[in-house]
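I'd like to ask some things about the structure below.
Residue numbering begins at 1 within each chain, and the chains themselves are lettered A, B, C and D in the order written.
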Amino acid sequence: MPGNAFGELFRVATFGESHGPALGAVVEGCPPGLSLDAADIQRDLDRRRPGQSRYTTQRREADEVEILSGVFEGETTGTPIGLLIRNTDQRSKDYSEIKDKFRPGHADYTYWKKYGRRDYRGGGRASARETAMRVAAGAIARKFLSDRLGVTVRACLEAMGEVRLERRDWSAVHDNAFFSPDPERVPELEAALNAVRKEGDSIGAQIYVEALGLPAGLGEPVFDRLEADWARALMGINAVKGVAVGDGFDVVSQRGSVHGDEMDATGFLSNHAGGVLGGISTGQPLTARVAIKPTSSIQVPRRSLDVHGNEVEVVTKGRHDPCVGIRAVPIVEAMTTLTLMDHFLRDRAQNGERGDG
Amino acid sequence: MPGNAFGELFRVATFGESHGPALGAVVEGCPPGLSLDAADIQRDLDRRRPGQSRYTTQRREADEVEILSGVFEGETTGTPIGLLIRNTDQRSKDYSEIKDKFRPGHADYTYWKKYGRRDYRGGGRASARETAMRVAAGAIARKFLSDRLGVTVRACLEAMGEVRLERRDWSAVHDNAFFSPDPERVPELEAALNAVRKEGDSIGAQIYVEALGLPAGLGEPVFDRLEADWARALMGINAVKGVAVGDGFDVVSQRGSVHGDEMDATGFLSNHAGGVLGGISTGQPLTARVAIKPTSSIQVPRRSLDVHGNEVEVVTKGRHDPCVGIRAVPIVEAMTTLTLMDHFLRDRAQNGERGDG
Amino acid sequence: MPGNAFGELFRVATFGESHGPALGAVVEGCPPGLSLDAADIQRDLDRRRPGQSRYTTQRREADEVEILSGVFEGETTGTPIGLLIRNTDQRSKDYSEIKDKFRPGHADYTYWKKYGRRDYRGGGRASARETAMRVAAGAIARKFLSDRLGVTVRACLEAMGEVRLERRDWSAVHDNAFFSPDPERVPELEAALNAVRKEGDSIGAQIYVEALGLPAGLGEPVFDRLEADWARALMGINAVKGVAVGDGFDVVSQRGSVHGDEMDATGFLSNHAGGVLGGISTGQPLTARVAIKPTSSIQVPRRSLDVHGNEVEVVTKGRHDPCVGIRAVPIVEAMTTLTLMDHFLRDRAQNGERGDG
Amino acid sequence: MPGNAFGELFRVATFGESHGPALGAVVEGCPPGLSLDAADIQRDLDRRRPGQSRYTTQRREADEVEILSGVFEGETTGTPIGLLIRNTDQRSKDYSEIKDKFRPGHADYTYWKKYGRRDYRGGGRASARETAMRVAAGAIARKFLSDRLGVTVRACLEAMGEVRLERRDWSAVHDNAFFSPDPERVPELEAALNAVRKEGDSIGAQIYVEALGLPAGLGEPVFDRLEADWARALMGINAVKGVAVGDGFDVVSQRGSVHGDEMDATGFLSNHAGGVLGGISTGQPLTARVAIKPTSSIQVPRRSLDVHGNEVEVVTKGRHDPCVGIRAVPIVEAMTTLTLMDHFLRDRAQNGERGDG
């Protein structure tokens, strides 16, 4: 399949370029009878939307989502849910400057090599704008998992450049522009980001995500392990370069006597595994981290080529997020949610009788 | 789909439990006309086989693969290739000791929760033995990619516990039991592993993998990015807890002016991206690392439950690899190869005309 | 997968209910560089549109399609093509009459049993209106197959009730409201249809379809035979009850010495097979027929139940096509085209090298 | 996907050529806890086996199936079930006669065009022998559907050449070599077949199939309608040229007032629909018919080409079934069963909660 759809049974197919007429998605497989309206989706979209603070790009989009199908009298019907967001801020600005240039760190060069052409306006399909539809679809899955199973998925910033956040106050995450779980260190994050921006540069970030309330038994062994599909979902987010589940890369120097989670009558005594063993959820919190590279659009001049093979210098004008990682927080939540939703349905298909017993 | 198949167009479906009659696979989508015989596959299988050194499990299996279909007069025909390996060393040993116990770090508990039962003999389907078929299928893909495209995929140990290997002498990798690219540090690895074993404990590892000679243009944007599918492939290997592409988690503290790979008329000037931008290969080497947890079967007593909910103590008897990570090297190669093969075919489907132009 | 998408590599996911805000589709996998604009799609849509003659339903929809993505500077880019048609004629008419009743021959009862609810306005997702998006997506595939491979797909009415059309003048098909290839018998069709309508009843039809110019070699043997996937595509059209390839049901009483198509140096000497052997195209014209049941909405009173289990009488008011089969002609073409397009890409993935030789 | 697998959630991937070492299959997605042993499968295989009467090919194969995985202590475990049948009667006979010739009506020519080569021994992958694995996999699905849902799938011969069987005595079907439901007309079938054979010719057949006890609600609307997937399954059987559901092609001349099945408090009053409306099962018996072309291997000389483009004459020596349609009966049952099993799981995934309410 061509790559713009996610999930086997809760399946999201997206379309849309950054500066085309619209973004959209078809969400298939949502069980019938879920109470749903546009506001349920808008809430998550608003958290992802740029232009909300001085730390993110100043493009201002209403990002107003319209439900085109699949919901009737306030409930899902079991038929596909069509979602649409019109692009409203795609100014007819002059792209002649970068039209033929491959911007370092961007997908300009690779789209060109693959397709022999590209929509150069704002990154086209490779733009982070594309993720709006993932968040919209994720909001539907989130509602199902929350209403029916009591599952909570939540993410926060864990590091930005050299700043590592250790405190985890979930109530603070949505009260600051950094999705920081440590409200006291927000000034430190601000200072660091301002310093980077002053230099016209950018910086990477690390996001932590967890899912609570998940039943044991989700995940298909061997190739479609829960953590494998989750890793694919997370590594499929723009700019992500690393994914770690549970103790992640720390396991390299761990002893088995430390790593293996023991159990007693009260349940698991630790969670080094990150909630998954042999590809199947244990019922403990699922935990993961993703590493997000620094924004590729920077004001520092960079060497590159144009489509004709000429050497050129590329400098990105205009204002860009100096740390795209911050805005990735809701997207990490969405992709996690979509992964769990799909595996919930997949498990139910094969093991539906378990629940009946 | 139920999870035991990998790939969209070069599709490998595997079956078999550790102590059942056999392991097998169906490999679909191999282009016709590839010269292939069992020896081509056996070569890779032999590198994965346990019982070859004192550092790996002493189970001795011939692991002799039989090609059951899809090859005629020495060449692939385009029809599915059936592969079979009989299990020969599944002694009828007494499993009553662990039959009802959930071994910490193993999939015993999760299979039980998912399926309400499990084949407890040697881990059943969750055994590392299952990976033999991945290596067998990978050998077919490797031959195609090598013969037709000149692609090389290779992996090596990069760290084991506290020992980090920096030198990378590829010619040495297959001359030592650790797949170490630094032959001089093999004694150090031996000493470290012996110490761990003496304590009845185990240790984690890190594997480095790269693919050379890949054309630009492979990978499907958005959800099926090359690195996303690769991450899924790697995270789907038993015991893997982390996957990092290119600079991986180092990007968290990198500046954009460092990370973004520049180009001049000679091509790319660095490879922080690890050979992939926007989900599509750049033509530079693909690079990744995986973190592998310490072996779960250890002789240190651990607390756990049995299937009746009773608290029990688990001690693994018999000899086990104190570092499963070592044996993962050929599997990491196989899963990388299968990912690339699949994406080669997927790209050819949509962009076949590019090559004709 | 949940059933609202068609194709493996040229993949069309559709959404939308008859009386919801819009219909839409995502078309993935279209090769880049195909010249395309909305008019290319509109042409086929206009042929499917109701309200064009007194023999079809009088709902009047502009059915104006908008391309939302995937096309840039007049050519496809390789990214998904989003398509949208706003519903403009979904009058807020009173559905209280049929809201709770299961109309015989309709999907009312089965949607209710499956989903526990349904959008009763105009048939919701089960409405023939849904097929507009198949035609729109088919138009893109048609353009590719025509421009790049010289393939022509065309269909016509072959029977309506007792009227069987034997002459096949393709130039006449689009000049009459019946898609009749025999223009001289149009008055006879008119008379027959008027008679049926006068009785408030409806009648079935048979459509003939063929594809010319197809290369040999398309189709995947065993389960995904070209004719198998084609049969699925055709049987998936509303109201279709039978599909026959080549000589179809006539083979039951044929001799092998009649059926098997002979060849000499000039090629095949007959085409009883209908252009496909062993699931793979022979290079001869592909030929098939479909049987379409009479319109279920009729003015003859019928016994049925309501959602509460009460016995009710159902009479459909308003004007409906007395023969839905007529309007199926462009949809049969579209589904045939989508099948061929998908198999062209699938073949190219595995056998791309054949073309290079 | 490359075409040798069937089903989304109950997924069967098959391999094996007529004269290769073995046939095999991987059956994924079978729910755990189903009681299963090789005898359950062997029973259905024995009904398909050739060499049982003088009316079928004289190849004698034990067709002994081995379960290689996925069953433990007499029950399915939820992991893939590997199945194997060794070919034992593939005599090293001389194929030089037909090695380079394209036999009319066979897939020789199309495999050659698609793959540039073919396993010419006994038809290779295109042989009817391949269907053994469909029957084996179907037997597992049959057991599940029967044990858990009380579903019965059964097929019989309905016509052979000019002989049309109208009586339907199911108890007689397995007591005669023709799967005839009218035991009194077996002598007539024998006479007809002997006449055909005497001429060295062959004849077509029609099979009727039905599924009883199916719940309402199975089937995914739009593209994956139950009848669409079923049509694909049936049209994917070797030699099938037509598929008709319910009243099939009779609907062409039916009135809507006849076709639409009415209901009263006792349920449906007729079953013209064949148990499916809008792609979803009604709970009535599912009914279909398939048309099967005459055997292509005949002793009547036929004109054809060889791989070098030379004109040749082809005469099939040896004994072949003069009517392959007869042996298709168990395969039609198997493909029907596999379709239903898959849709049962697909429905359960999305609508699992329905059952819980």
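In this section, a residue touches a chain if its C-beta (ideal position, glycine included) is under 8 Å from a C-beta of that chain, and two chains touch if they have at least 3 such contacts.
Just so it is clear, the structure is predicted and the values come from calculations on it, not from any experiment.
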The pair out of A-C and A-B sharing more C-beta contacts is A-B
Suppose chain centres are the mean of their C-alpha atoms. Which chain sits farthest from chain A?
D
Please work out the Cα centroid separation of chain B and chain C, and write it as a whole number of Å.
45
Using mean CA coordinates as chain centres, what's the chain A-chain C distance in Å?
38
Approximately how many whole Å separate the CA-defined centres of chain A and chain B?
26
Which parts of chain A, given as residue numbers and ranges, touch two or more other chains?
1-5, 8-9, 14, 29, 32-33, 78-79, 111, 114-116, 125, 221, 346, 350-351
Could you please specify the touching residues of chain A with respect to chain B in the complex?
1-6, 8, 14, 102, 104-107, 109-111, 113-116, 125-126, 130, 159-162, 196, 201-206, 216-225, 227-236, 238, 241-265, 269, 273-274, 276-283, 291-298, 300, 302-305, 309, 311, 325, 346-347, 350-351, 354, 357
Can you tell me which positions in chain D touch chain B when the two form their complex?
1-5, 8-9, 11, 13-17, 20-26, 28-29, 32-33, 66-70, 72, 75, 77-82, 84, 114-119, 124-125
Sites on chain B touched by chain C in the complex:
8-9, 29-33, 78-79, 148, 221, 345-346, 348-353, 355-356
